[in-house]
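What follows are several structures.
First subunit A sits with subunit B, and in the next complex the same chain sits with subunit C.
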Partner chain A sequence: MLYLELFIQGLVQGSIYALIALGLTLVYGLLRILHVAHAALFTLGGYIGVIVTNATGSFTLAMVVAMLVVGLAGMLMYKLAYEPLLSQPPYVSLIASIALFIASEEIFRIAFGPYGLSYQTAPLQGHIELFSGFYLKYAEILVMGLSTILMIALAWLSMQTRTGVAWRATVTDPDMARAFGVKIQNVRYLNFFIGSSFAAAAGVLVALLNNLVEPTMGSVASYKALAIIVLGGLGSIRGTLIASLLLGVLESFGTIYIGHLLDRDAIAFAFLILVLMIRPQGLMGGKL
Partner chain B sequence: MLEVSKLSCGYGDIVAARDISFRLSSGEVLSIIGANGAGKSSTLMCLSGLVEQYNGSIQVNGVELAKLKPEQRIQKGISIVPEGRRIFPDLSVLENLIVGGQIVDKSTLHLGCEQAFNYFPRLRDRQRQLAGSLSGGEQQMLAIGRALMSQPKVLLVDEMSLGLMPKVVDECYEVLNDLKQKNVAIVLVEQNTERALNAADQVLLIEASQVTWQGSAEALKQTPELFNSLLGLHKGN
Partner chain C sequence: MSYEITLMTTMAISVLFALSLNFITGFCGQISLGHAAFLGAGAYTSAMLSKADVPFLFTIPAAAICAAMLGAIIGLASLRVRHDFLAITTMGVGFLFVGIIRQQDFFGGEIGIAGIPSSGFGKGGFMLICIALALTFAAFSLYVRRSWMGFVFKSIADNEDVTRVLGIDVSRYKLIAFIIGTGTAGVAGALYAHHFRFVGPDSFGFVESISVLAMVIVGGIGSVWGVIFAAALLSVLPMLVQFIDDYKLLFYSGLLFAMMRFSPDGIAGLCTRLFSSIPRRVPDNGGNNR
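On to the complex of A and B.
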């Protein structure tokens, strides 16, 4: 029973990781930029989720608004911060991204206060008994359910639509994609919109699980997501999904069995180092 | 159809081709020949907008393309079969064709796929297969099929026979011949000078980034000294 509980908890955490890391992978795959400021969008999503829920009483509306607004914010971030730097070496974009992330934490602190916000009445806090003695919170079910739905929607978009095919072609060879009429600027906007709205969904869900959103909540998300995309193989969507779930489950078991030696984050990075020693290209990356 | 006037292009400060001019009518084939590094492929890439154009004019049916981006040029009727095929290896054969037909509506897309499969039946059998797993010949067929998806008026073909078995090259040239009958204008860059001259109505010889001879293929054949030296150039390669 304990194993099953730990496994489910791991999947819940892994689903959150997947939603955050996927946006990072999408941006890296298309532009070869390490989009550290992605974590700021995650935090922004959390704030919008709490504020809209408290104002309207509708968690569903809050989720939709957060995904839309943060998706647009991601597009704006690309337009203003990354697009002017595309012709520069990659570390220039990385520095800009880190600066954006640090600045955003301060902006959140100034705008919403240093102590964070909570739901006035936290939604989905009940639980159901799946079988004898095994309980699952509604919020945890929502995390897994929504993550699965969003992943399926992304898979459908990228595999079954002309837009998705054009998107994947652009990732492989942007010049050739352009030569056949793909508007790569639109592809980049779409990429940032989807990645950012997924991060927003993760932010809203984390705020729901912890009943708290605070200015620095993106810090752990930023370095954990970077670890995940390296672990999965830079730019590999499948690798990111596998690494996210694997890391979630590993952390879940690790905190119980080796928690007295390593804390949760240390377990994640120890695992990352171990995998990279055996497979430097990550779990699903191509040969280096 | 295609009118190029005093076209110069290159990469930053490096001039790849200068003062290229020619006129090509519907259903005509222009072969650009020359040694490696002469500027043939760069000229072709410049026509499709992928290499920087310094000056000059490119017109398709009187419409100026010089200021248009690659994604806009294909809408004016120019499509390319690039050197090295440059298919999308992680996409299936069918998906590669779908990218090629990015600018056409759904029904034209289906017709385009059918056309590609009729030209190259092997692609129909492999339509769900990843393009990167195809043989070199099949990849070339896919590159041609993909370029035809947008129903081009002008087809740019770069080094089509490079590294392919003669039988596959024959098959590809048969398709070009059929396109010629269907009034598609073709600009052909080809290392295999003999094949290039056989297919051509017009010939452009480029040496060191400049045109050193141009005229009809017939005129070239009646200039035995040059004709033989060009064939020698091919054998030398």
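On to the complex of A and C.
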């Protein structure tokens, strides 16, 4: 019973990781940037979610607004922060991104106070009993459901539409795609919009699960999401999804059984280092 | 006078720590996002030995050896990964270090180790020791950069594959850079522990790793003088200006971002461009390490 409960908890956590890490993978696959500041967009999503829900009372509206606004913020971040750095060596954009992330944490702290915000009346806090003694919160069902829907929507977009074809072509070979008339710039904007809005969805969902948004909520997400995309083999979407769920489940078991040796975050990185020693290209990465 | 001594001591420790990272990241081109772990390893070693009545001066080499051993292990592991994978792996090492320290009562757990005995040299004497060690390592860095080893480091930083083709044992030199850099960070850790007389897991986390990387990058990656200048400036600025202390992280990160945006080769690069009519060679990365 405990096993099943841990497993489900792991899947819920893993779905959140997947939503966050997906945006990072998209950015890495296209631009080869380790986009640490992605977690700032995740936090922004959480804040917008709570503020709009408290102001209007509609959680659905909050989710939509958060995804749209944060998606635009992501595009803006690309335009202002990353585009000028594309010609520099990779560590430059990595450091710039870390700086951006730390600065945003401070700005959240200054703007909304250090103690965070909560929902006035948190939606979806009820639960159903699947079978005797085993409860699942509505919020947890929503997390798994919404992530699945968003993933399927993304898969449809990239596989079934012309935009998706252009996108995949750009990831594979930017120069060739440009030669075939794909507007690289638009693909990059789209990339940042989708990745950021997924992060916003994750932020709203995490705010719902914890009934709290705080300035530092992104810190764990940012570093762990990096671990996940590296684990999955940088740039591989399939690898990222597998790594997210695997890590979610592993953590939920690990916290119970080896929690006295390592804390939760350390488990993730111990696993990461272990995997990289055996497969330096990550779980699903191609040959280096 | 006591205030100035504290200031100078902090400065010297930061310079030593930043130079130790510069040895790995600047000279050898191996980015590290978890360098504070080695500062921590040195600090904990020195703190625990001091509490067991080992004289301060003996704890310094012990801290260096302990940190260097850890560095050698991490270095060996890091040989398998490159570029972005290396950055994340070293970041993981930092989190692993804090995660382990936090959970072990042996290391004082969350609370850390307080009441570390004083160095026994008085504040002034301790300051002189710190400055002497920082200057010694600065001189050593300048010497290495002109030596055969320094050329190999530079070559590895520029293009690892070509260096290997030239018949140079890249792994060996990377490991040497790692061991010297982490060992020195351990020395800085020993000084740190006896300066603040307290060590805790939060002192060696990711923020600390980023701060020291900021010093190296703001100074100009690989430039000894630039790094000394930036480390000295950035370590005491928050103490001198109260406003900056309140918004310390915002200031640091803003500076770091501005530096990356407008002068990725740091203060050293800025000076080179300002005072030289000959255009500086643009680092050629050719996209091959992306």
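Simple rule for what comes next: the second predicted complex is superposed on the first by the 288 of 288 C-alpha atoms of A that agree within 3 Å, B and C clash if a C-alpha of one lies under 4 Å from a C-alpha of the other, contacts with A are read in each partner's own complex, and residues count from 1 in each chain.
One rule holds in what follows: a residue touches a chain if its C-beta (ideal position, glycine included) is under 8 Å from a C-beta of that chain, and two chains touch if they have at least 3 such contacts.
All of these numbers come straight from a predicted model, not from anything done at the bench.
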Q: Applying the touch criterion given at the start, work out whether A:E106 contacts subunit B, subunit C, both or neither, answering first, second, both or neither.
A: second
Q.
Quick check for you: in the superposed arrangement, does A:M176 touch first (subunit B), second (subunit C), both or neither?
A. first
(Q) With both structures fitted on chain A, tell me whether subunit B or subunit C touches more of subunit A's residues. (A) C
Q: Considering only touches as defined above, state whether A:P90 meets subunit B (first), subunit C (second), both or neither.
A: second
Q: Using the touch definition from the top, say if A:M1 reaches subunit B (first), subunit C (second), both or neither.
A: neither
Q: Have a look at where A:A166 lands relative to subunit B and subunit C in the superposition and call it first, second, both or neither.
A: first
Q: Name the residues of subunit A shared by its contacts with subunit B and its contacts with subunit C.
A: none
**Q.** Residues of subunit C defined as touching subunit A within the complex
**A.** 31, 77, 80-85, 87-89, 91-93, 95-96, 98-100, 102-103, 206-207, 210, 213-214, 217, 247, 249-250, 252-254, 256-257, 260-261, 264, 283, 285, 289-290
**Q.** Interface residues, subunit B side, partner subunit A - complex
**A.** 48-50, 69-71, 74-75, 79-80, 82, 86, 88-91, 95-96, 98-100, 102-103, 146, 149-150
Q: Within their complex, state which residues of subunit A touch subunit C.
A: 28, 32, 34, 81, 84-85, 88-96, 98-103, 105-107, 110, 219, 223, 226-227, 230, 234, 259-263, 265-270, 272-273, 276-277, 280-282, 288
**Q.** In the complex with subunit B, residue positions of subunit A that touch it
**A.** 162, 165-166, 168-169, 172-173, 175-184
